[in-house]
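Take a look at the structures below.
Two complexes are shown next, each including chain A; its partner changes from chain B in the first to chain C in the second.
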Partner chain A sequence: MSKSTAAANGHSLWQKMPKANAELFALTYGTLVTELVRDYESTEDINEQLEKMGYSIGVRCVDEFLAKADQAGMVIPPCRAFAETAEVMAKTGFRMFLGVSAEVQMISDSSFSLLIYENPLSLFVELPSDPKWKDLKYSNLYCGILRGSLEQVNLRVECTFVKDVLQGDDVNEIRVDLKEVLVDGAGEEYQEE
Partner chain B sequence: MSSSQVLLFVIVGKNEPLYEAEFHKSGSAGSSDSVTRQNYFVLHSALDLVEKAAWTTNQMYLKVVDKVNQQQVSTFLTAGNIKFMLLHGGRSEDSIKNFFNDVYELYVKLSMNPFYRYDTPITSKSFDSRVRAVARRYLA
Partner chain C sequence: RPPLSIFLLLPPCLGNREHNNRIMGFLSLFIVNKSGGLIHHRPLGPNAPQIGTNEWLTIGSTFHSLHAIAAEASPLRLPGNKNPYGADDGIEEIHAGGLVLQCFQTRTGVKFVVTAEPGTPDMEYVLKEIYVLYTDCALKDPFYELEMPIRCELFTQAVDNLIERVEKNGPPRR
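For the complex of A and B:
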């Protein structure tokens, strides 16, 4: 799937999705994170919880993505390489669910970096200047979503936040590493997204 | 020590001051200690008058609530009853009103930050630098 088709698909899918108020969305996520902050002591635990929540969201995302694409009459062919997976995810998937496009930077055949310039989750957020917040990955939900959704299409990946705008960098960067291609239990054909 | 050189801006919550900033006119030396403490005293003693004035109008901007010697205290009351108070030595109503409106916008954005608890002291450095920039623009 070429880059421009992926982007065009993403845009048209996004237009069909029901919309939520961006501020409400960001504020809801913000209160979720602050609740976690109140419940857990260490930032590692908080990051882990966010990732787990993202995972639960991610496993449901793929089905919705493919179903909506089908409904819209789009053909999303099985990806022939991990790089294609990355492009479809960044341009179509992200655009459809969040309204923002991400950019892909391939690092190797089995790992890439996802660059997110505009993060709808971190609207209005400013981390306190206490040094203990340096390790908090505010948008770690994304890592879980990526892991969950890719696992549904038989790709086991590990995602980590490498750069975070809230921590002072200029862009949000998520590193995605492919660990294993899982084999479906039933049937010889398996779909890679 | 002309007190119109120093402007004192305080944000007061329900129980305590949440933010304080002094703006000196560029070029002038800092005030001596006693003048500074007097400024705080004058400003905080105007709090009762703010409560009184709040009942007289349905505007957020309460204009000048107190006059002491050469100094005046202007107040802006936010929807959540947070008081923005400015101690000054006579500035145009318009520039103070614009100053308060801009600070109010900054305050609203700050309160949308999930990490900031409402009615707690404001420690954000970026809020501080932005307020000072607004002050330089309207009150310098």
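For the complex of A and C:
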């Protein structure tokens, strides 16, 4: 699927989605993170919890993406390479759910970086300059979402935040590594020996 | 490649309802999860047969296995047993004397299966719409666990409304 088709699809799907107030969304997320900060001691644990929450969101998002794209008459062909998966996620998926697209930078055949310039989750957010917050991955939810959604289509990946605007970098960068292509169970039992 | 269809000879059932000159007759819906377990079943019309819960569970898992076996037994094997859409290859339609069964396999492994009286139009449209309803009503329900039986009032209500709407008006013309 070409980059421009992916982007056009993303934009079109975004138009059809019901919208929520961006500020409400950002503030709600902020409250969520604040609660986690109160509940957990280490930033490791907070990051892990955010990732887990993202995972449960991700497993549900992908069906919505596929169903609505189908309903809109768009053809999202099966990806022939991981690079295509990356493009579809960045241009169509992100755009559909968040209204912002991301850029893809392929690192190898089985890993890429997703660059997010505008992050709707971190609107109004500033992290305190205390060194203990250096390792907090505020938007770690995204990593979970990516992992969850790809798992539903049989790709096991690991996602980590490598650059964060809230920590002083100029862009948010998520590194996605493909670990394994999972094989569905059903057919195996019936295969000829 | 033509859809993987199976033609069976079964005794025809009596009469088709007609409504606004359209031959009606959705019978049942059932949904099977990735592992073959039945997660939902619902009668869609007055002619739907009365099937007990245990029987439904058997139907669900049997269909799941047959779907997979069909891909293995097919004379035309696709690479990885995946169809061009990207989902697992398998039974798409079954035409019998008094019944048409159509299955929509999603790329995430969920099967939506609808049965109807022969001649019922718009089955494919209904299947795709039910998938959207599944994503909007069941998946977004925070209490719904993936792969578990769907017990969402919103979902069942929406399915009923969909069938009612399609039977009255047909799918929206694009």
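Methods note: the second predicted complex is superposed on the first by the 186 of 193 C-alpha atoms of A that agree within 3 Å, B and C clash if a C-alpha of one lies under 4 Å from a C-alpha of the other, contacts with A are read in each partner's own complex, and residues count from 1 in each chain.
The rule is short, and it goes like this: a contact is a pair of C-beta atoms (placed from the backbone, for glycine too) under 8 Å apart; a residue touches a chain by one contact, two chains touch by 3 or more.
Just so it is clear, the model here is predicted, and its values are computed rather than measured.
With both structures placed on the common chain, the touch criterion links A:71 to chain C but leaves chain B unconnected. With both complexes placed on chain A, chain A has more residues touched by C than by the other of chain B and chain C. Once chain A of one complex is fitted onto chain A of the other, the partner contacts of A:15 are absent, as it touches neither chain B nor chain C. After overlaying the two complexes on the shared chain, residue contacts for A:63 are found with chain C alone; chain B is out of touch. Judged by the touch definition given at the top, the superposed model places A:124 against chain B, while chain C stays out of reach.
Once the two complexes are overlaid on the shared chain, A:153 sits against chain C while remaining clear of chain B.
Residues of chain B touching chain A in their complex: 109-110, 112-116, 123-126. In the complex of the two chains, the chain A residues touching chain C come out as 59-60, 62-64, 66-68, 70-71, 73, 77-78, 152-153, 184-187, 189-192. Residues 23, 27, 30-31, 33-34, 37, 123-129 of chain A touch chain B in their complex.
Across the interface of their complex, chain A is touched by residues 34-36, 64-65, 67-69, 71-72, 81-82, 84-86, 88, 106-110, 128-129, 131-132, 134-136, 139-140, 146, 174 of chain C.
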